[in-house]
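In what follows, structures are represented as structure tokens.
Look for chain A in each of the two complexes below; its partner is chain B in the first and chain C in the second.
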Partner chain A sequence: MTEIDRRTADVVVVGAGLAGLTAAIRLAEAGLRVVTVAKGLGSIRLSPATIDILGYGPDLVHEPARELQGFLSAHPGHPYSLVSPVQLAASVQWLKEHTDGTAYVGDPDANMLLPTALGVPRPSAVVPETMAAGDIRKSRSVAVAGFSVLKDFQPDLAAENLQAAAAALGFGMTVRPLHLNTRVNGEADVSSLALARRLEDTAFRNAVAAELTAGLRDEDAVGLPAVLGLDQAASVWSDLQAMVGRPVFEIPTVPPSAPGMRLAKVLQDRLRHAGGRLVLGSEVVGAEVQGGQLAGVRVKTAARQLAWMCRWVVLATGGFASGGLAVDLSGAVSETALGLPVSGPPPDEPLFLPRYLDEHPMGSVGLKVDPLLRPLAYDGEPVHPNLYAAGAVIGGARPAREKSGDGISLSTGYLAAGIILQEAG
Partner chain B sequence: MTTTWEAAELIRGSLDHCVKCTICESACPVAAVTPLFPGPKYVGPQAERFRTHEPSVDASLDYCSSCGICTLVCPQGVHVAEINSQARQKMKSQRGISLRDQLISRTPVQGKLGTPIAPLANAVLANKVARLITEYVIGIHRNAPVPKFAGRTFQRWARRRPASATAGTDKVVYFHGCSTNYFEPGLGEKTVAVLEHNGFSVVIPPQECCGLPLQSNGIFDTGRSYVRRLVRNLAPYARQGYKIVATSTSCGLMLKREAIEILGVDDNDLRLVSEHTYDICEFLADLDAAGRLRTDFGPVPMTVTYHAPCQQQGHNIGKPALDLFDLIPELKVVELDRACCGIAGTYGLKREKYEIAMKVGSGLFSDIRGAHPDAAVCDSETCRWQITHGTGATSVHPVEILHRAYGLA
Partner chain C sequence: MRGFSTVLVERGDLATGTTGRFHGLLHSGGRYVVKDPKAAEECYAENVVLRRIAADCIEDTGGLFVTTPADDPGYADRFLQSCAATGIPAEEIPAAEALRREPRLNPRISRAIIVPDATVDAWKTVWTTARSATEHGAQILTYHQVVDMTRDGDTVTGAVVRDRSGAEVRIRAEITINATGAWAGQIAAMAGCEVKVLPGKGIMVATNHRLVNMCVNRCEMPGDGDIIVPIRTVSVIGTTDVQVADPDDWPITRAEIDEMITAGEALVPGFREARTLRVWGGVRPLFQDDAPAETRDVTRAHAVLDHKTRDGVAGLVTITGGKFCTYRLMAQDAVDAACKALGTSRPCHTADEPLPDSQDQSFYHISSRLAGRERTLHADQLICECELVRRGRLVAEIERREVPPSLDDIRRALRLGMGPCQGGFCMYRATGILHEERHLSAAAADDAMLDFLQERWKGVQPLLHGDQLRQAWLDDWIFQGVLDVEHLPHVEPAPADAPAGHDVPSRVQLPAQERKSARERRAAGQRGSGQQRPARSQKRTQP
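Presenting the complex of A and B:
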């Protein structure tokens, strides 16, 4: 073809994860024409949907908002240094206001300690209300119930580990495993997704509640794998709670993640209602540059390329796990969408340390950005004046270790939109 | 029987990118409603590892509807739907293809037989006893939404149409597909009017089926010969640089991508046609972006829902119909966000799959009913028939709305 296809928008957001959707929704709600292009659905669907702000720094963090300052002085260049405490709090407030139907509780002032499926207490600041009763700081005696048909969640393992871990942290609590034998469609092995859909059925839910009630003793609360419904999660959870007569909490499992699907749906619905567009299967393959400005991004379509022309671009493609960054066999790292310069440790330092669980320098590789979130070239100048980065593509953090990824994505996505809105006037 | 090296490499090579994240499982509309289909990851990237010498380890593969959503949502670029379509073809070629699947996948044969006897054919298709017999003998569900023969063909109209006053010198080629030819010739006439209103001279070459229904039913050899024959008719225009616009979004996607990726047709003419093929709304939205679309739209005081069908999403072009609707005064558009209507071409016609298809579509149907639209807009014909079947609502192609807004009626 001689001429490339072109369409127009005010803003193109690349990536449909937490950072991308947050930026896109804010911009669309402000009246800008927003097109979000993404290679596929974002990783929200794989996540437990909690907003972890800062869990370890490297010691267990109890009060993220207060402890962040000290953490940042020990971690210069961390993405949180781009976000003020006020902006961080505002982004959390924004999320709460945009997640009706998946109500969030908690704030950056304090971490809850929620059990994982392995029974490890995980520091999370802002969590779906369906998980909050699992906070071991407040529990005395809980039952952890699993479904025999769901092999991904083993209540004995979770209960034993949780009791030991809570004790090690100074929280005395007893945890008792409970086995539910309710069958699903007569099958012996179902996914968390199938179970979540099944629990939206009243008769099935009643049967589960009856089995739970029969097995419970005097526990204060009961934990279940996070399979309490999809579209109707709020009522599934409150209904179950009413039937067993005590708080019920969800414990995240391996993907598919029902809480992640709920959050992704709520945000995608928000974007659509605000008039924003989401185009999937749309891998970015190049840039349209005009006089230094990023005039648009080129994406692959079914048969050609299409240039989405725009005034601003938000790059929210994620880190290595989401494909925003890639490393080849020689160890060279690249930013996959636009080929932007990537920063990491100095060339003479190793990217990987000897042991698997070491704090590998590779984990903090990513884009270097200015205070306006604009990716920087090696000369220290913004690559384009109208290109902004958000989320895990920004380097300088070790999200898996710090438990900081959700907070970074939410706050930088929120901030990127704010910067563009200011420019738009 | 073999696919080309390039297509095979493309498809199977993408398998290695699967990280088993389950995003496709979470988005699959079929697995959500029936335990008979365990999900795209299970029958695709997982089972494919065992299909090196055996065609398939699991017959549940046949319950995949080929809607393509798994490929669309995959963040790693795995061609899940294409892997599954190829695996199903191998499985069906080993087990044999039923008479039913042979019949429903040959639209031109149906069209040529039904058109001259349209009143009779339509009466038979509307007759409960006849449909019951068809269900038992052939396996097409008694309630499945089958279209009505128009009794005339669009090709015949095209050959006899009068010269247009507005047609300009820029040429555009119209690929109308079988449904416009045999079932909805009015849509073709309106498409020509809309294009001519925008100053195009519309070329309508002789054309037959693109082979998509054959592909969906695992009949790849005949499907390849169908698409090659169509491409022979279209390639001369592509060679001259003309764009080819399609109103049947799934058939357009067949030319753009599926014939290459699924059937593995390796043909320079096909590649040329693929690069020049546009969905009609894509073509018009591109015109608008270039400032070349006529925007003399009059008010259309209607409420319409818009459902972008799975195959339209497969073009990766967004929802250009909505951008066009934004230009029409007084038109109220409710954008729906349901994955699939269930029909998936011929899937929902089949006796053993009809109920599944209706369950897949139930969310869409209730959204449409709840919106009380004057029309339910959708780019794909089989989806429109399914939507009308599931809701009772009139379902139209976006071109119908544009045609009305231009005052061309």
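Presenting the complex of A and C:
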């Protein structure tokens, strides 16, 4: 076998989601040579881009920072037990400072209740400013407008559910659906991303604003699907708001997600700006081990393999949805990049339960890590002293159910970088 | 068609029992030709008839019987002899030619025989047959469950059926045909007759694309997992045959699924690595008088029972046994028996009159739906990308129904949500459209979505692994992470005692006013409640 190409960095971060990018930016800004390798584009693009800390535990959480302690005593082994309240707050502050152009508002002290495309008020702590006016605690009367060309936002259903759900939570509000028929190149079927780009065009935006204004009555605020621009989202949003003369808020849709695209781009730009490398389309296929020590990772990219040699590795490959974890036909769970030990449900337990909304045994499976985020072998010792895990690859959480995924990824990514920086001195 | 005033009752939607739960193979008869030439002959004769009357439901894939290294090489000779004896066209081709046509086949096959197998869309066949029946004056009541058979002395006089609201309807009939398949014993018992039907469970697994384009069979005595059927956008491997006690309650185990997928390796190496979408099962009705242990040895040929001569109970005919392929012949025989019981002789025309949409006798083709989509590319929205279901067709299906359909009813009619994402993307859209078009309450629409989520989960959950598990996690992320379905204001947990492998009962309860048909609403000039929907006047007016 021919000698493979070897390259060198201080840190290799595996994965370009929220955890990986957070760790990579922080490390690069501190002056370390960082390369981020990722198989795909990163999962941020699929996400509403709200930073949910903790929404349900299992009851509705109003004050995540305060309620987290009680939640953790009921959920031992949860990844939040690795993060102190100070670190969590610091990671949120860090994100706000690194997302100029996509300003974030809110903090872990209080959840907002923002409508989903189905009209459910969803608890979220730190959110793009373009969404904040949707907080049902703030409005008595809103309109929810959909575009007839956009199938991924159904305003009638969202409005009716939202009114009922808000009432059930003790917030009396009226919600009225609106239908916008502004034409988009004569096409009947326009994706949220295409619509977002279109809204960056002034003439189209003006036409939308005119139709909105004609339909609005005396509502306090108006919600639209989250399609208010990509690169120029801030100005699209503020411009539209000025034209309709009241707060406008975005409501996340099913993927693709324009807010997710914006956040991913802002963070990737920050990484490059800080001197970090980002190599997409690179799948980590194994560890480079020298003298029993982890010395780098082997990467498959463009039909060949190369090795990135480094002092530290951050594994932020995500959970089952992102491909960081996998299950085979026999039900065995594996960690896909480095083949780390990971345990599924006990053999006598089913992997999944018959009812969709049950809490499935497989649902919280992931890596076990020590307080320094180092993945553990079955004997309870770290697999490698210089390997750290961050984000959804760590087990113990039910992010989709808890509305905790972004907070876990942000804070553990932030923490992993902090641990490495401490070691680097 | 024979001039009777007829009403058909079905406890669920059409084709929800066994008919919609098979692999989609329109048998040439090859599968049974060695073991049961009579059944094979029946299959082939009906294969020819269905190609004539139901062409739009059939894809003329052709079938291949191949001898893999695990099969008896001598079976192919017996197979060819039996085909010749029964008149089933069969042509042996060189193994190399079979591999050229089907490159993913096991390269170590030694023999290959072509037969006129095809694939058939069960739901489409049932729907168009139902349409034809309605056009001939029949009345069809779906979601009407038979709760009792009425008798006057020794004569069955009809049935009592219960609809979804719990209301009971008494239907009087001169003759009742019990065509309930694996449930035939239960219905006959209501009339005081004993009919022994063994429910034989068969499971099938679908992969996310077509691994083969012809129906591929092992050239061996029929066994488990020896057929791969390319139906519509997927390939289906089947099947098993396990006797079960209750046709409504039986599990699907991970071991059975593993066995099925492993069996696929013999025909298509690498089958284990294919992305498997879903598993489901159906229960065959195997009629018999004395129960043997092994269900596969019971004849597949159907049985018509005139209960007057058999049990001394007049006015009731039971048709059971049989298989999808011979459904038309079974109906013919049953109605012949009914005519005889009524002392009349009226000829059957079902073998000659094509079903609606099949008049021009052109077969369905894998690209038919894509061609339709291209014609409406800019004019209509694609609601289900996997199965190319456009909004116009979805709306038409929603409006056509007298009672607002469930999303699962729509799935059976349009294949909505049957592709790789299993409804992950289309379900929200379809729910919104159902809500809007039928003026449902949001609560009813939400229930429809939750029921469909549960229904999809049922078939995905037992085999989740690999890429499909990844998809399920993304779908979870969409429904729970992004939409927060589990916190809809009125969501309650599903019933705790729902048995695995059985439909969780629908929780969609519609207020009486919503049960009005679209036609009634239009006639009354109603466009939903004006107060609730003040924005309706602003809805799109453009095409």
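Quick note on the criterion: the second predicted complex is superposed on the first by the 415 of 425 C-alpha atoms of A that agree within 3 Å, B and C clash if a C-alpha of one lies under 4 Å from a C-alpha of the other, contacts with A are read in each partner's own complex, and residues count from 1 in each chain.
Note that in this section a residue touches a chain if its C-beta (ideal position, glycine included) is under 8 Å from a C-beta of that chain, and two chains touch if they have at least 3 such contacts.
This one's a predicted model, so the numbers in the text were calculated from it and none came from an experiment.
> Thinking of the overlay built on chain A, is A:279 touched by chain B (first), by chain C (second), by both, or by neither?
first
> Touching A:42 in the superposition: chain B (first), chain C (second), both, neither?
First partner only, chain B.
> Have a look at where A:204 lands relative to chain B and chain C in the superposition and call it first, second, both or neither.
neither
> Please indicate which partner A:177 is in contact with in the superposed arrangement: first for chain B, second for chain C, both, or neither.
Only chain C is touched by A:177; chain B is not.
> Using the superposition on chain A described above, determine whether A:261 touches chain B (first), chain C (second), both, or neither.
Touch partner of A:261: chain B, not chain C.
> Applying the document's definition of touch, where does A:399 land relative to chain B and chain C: first, second, both, or neither?
second
> Considering only the touch criterion stated at the top, classify A:5 as touching first (chain B), second (chain C), both, or neither.
A:5: touches chain B, not chain C.
> Could you tell me if A:156 is touching chain B, chain C, both of them or neither one (first, second, both, neither)?
The answer is second: A:156 touches chain C but not chain B.
> Let me check the overlay on chain A: which residues of chain A are in contact with chain B and also with chain C?
On chain A, the residues that contact chain B in one structure and chain C in the other are 46, 187, 255, 323.
> In the complex formed with chain A, which residues of chain C make contact?
Against chain A, the touching part of chain C is residues 254, 257-258, 261, 272, 378-383, 391, 425, 428-429, 431-433, 435-436, 441-443, 445-446, 450, 453-454, 456-458, 461, 463-466, 469-470, 473-474, 476-478, 480-491, 493-494, 498, 500, 504, 532-535, 538-543.
> Along chain A, where are the residues that touch chain B in the complex?
1-2, 5-8, 35, 38-43, 45-46, 185, 187, 191, 193-194, 197, 255-256, 261, 268-269, 272, 277, 279-283, 299-304, 306, 309, 322-323
> Where on chain A is chain C touching in the complex?
46-48, 56, 60, 116-122, 148-149, 151-152, 154-158, 160-161, 164-165, 167-168, 176-179, 181, 183, 186-189, 215, 252-255, 319-321, 323, 326-331, 351-357, 362, 399-401, 403, 405
> What residues of chain B sit close enough to touch chain A in their complex?
By the definition above, chain B touches chain A via 21-23, 25-27, 32, 35, 39, 71-77, 241, 253, 255-257, 274-277, 282, 285-286, 289-290, 313-320, 322-323, 335, 337.
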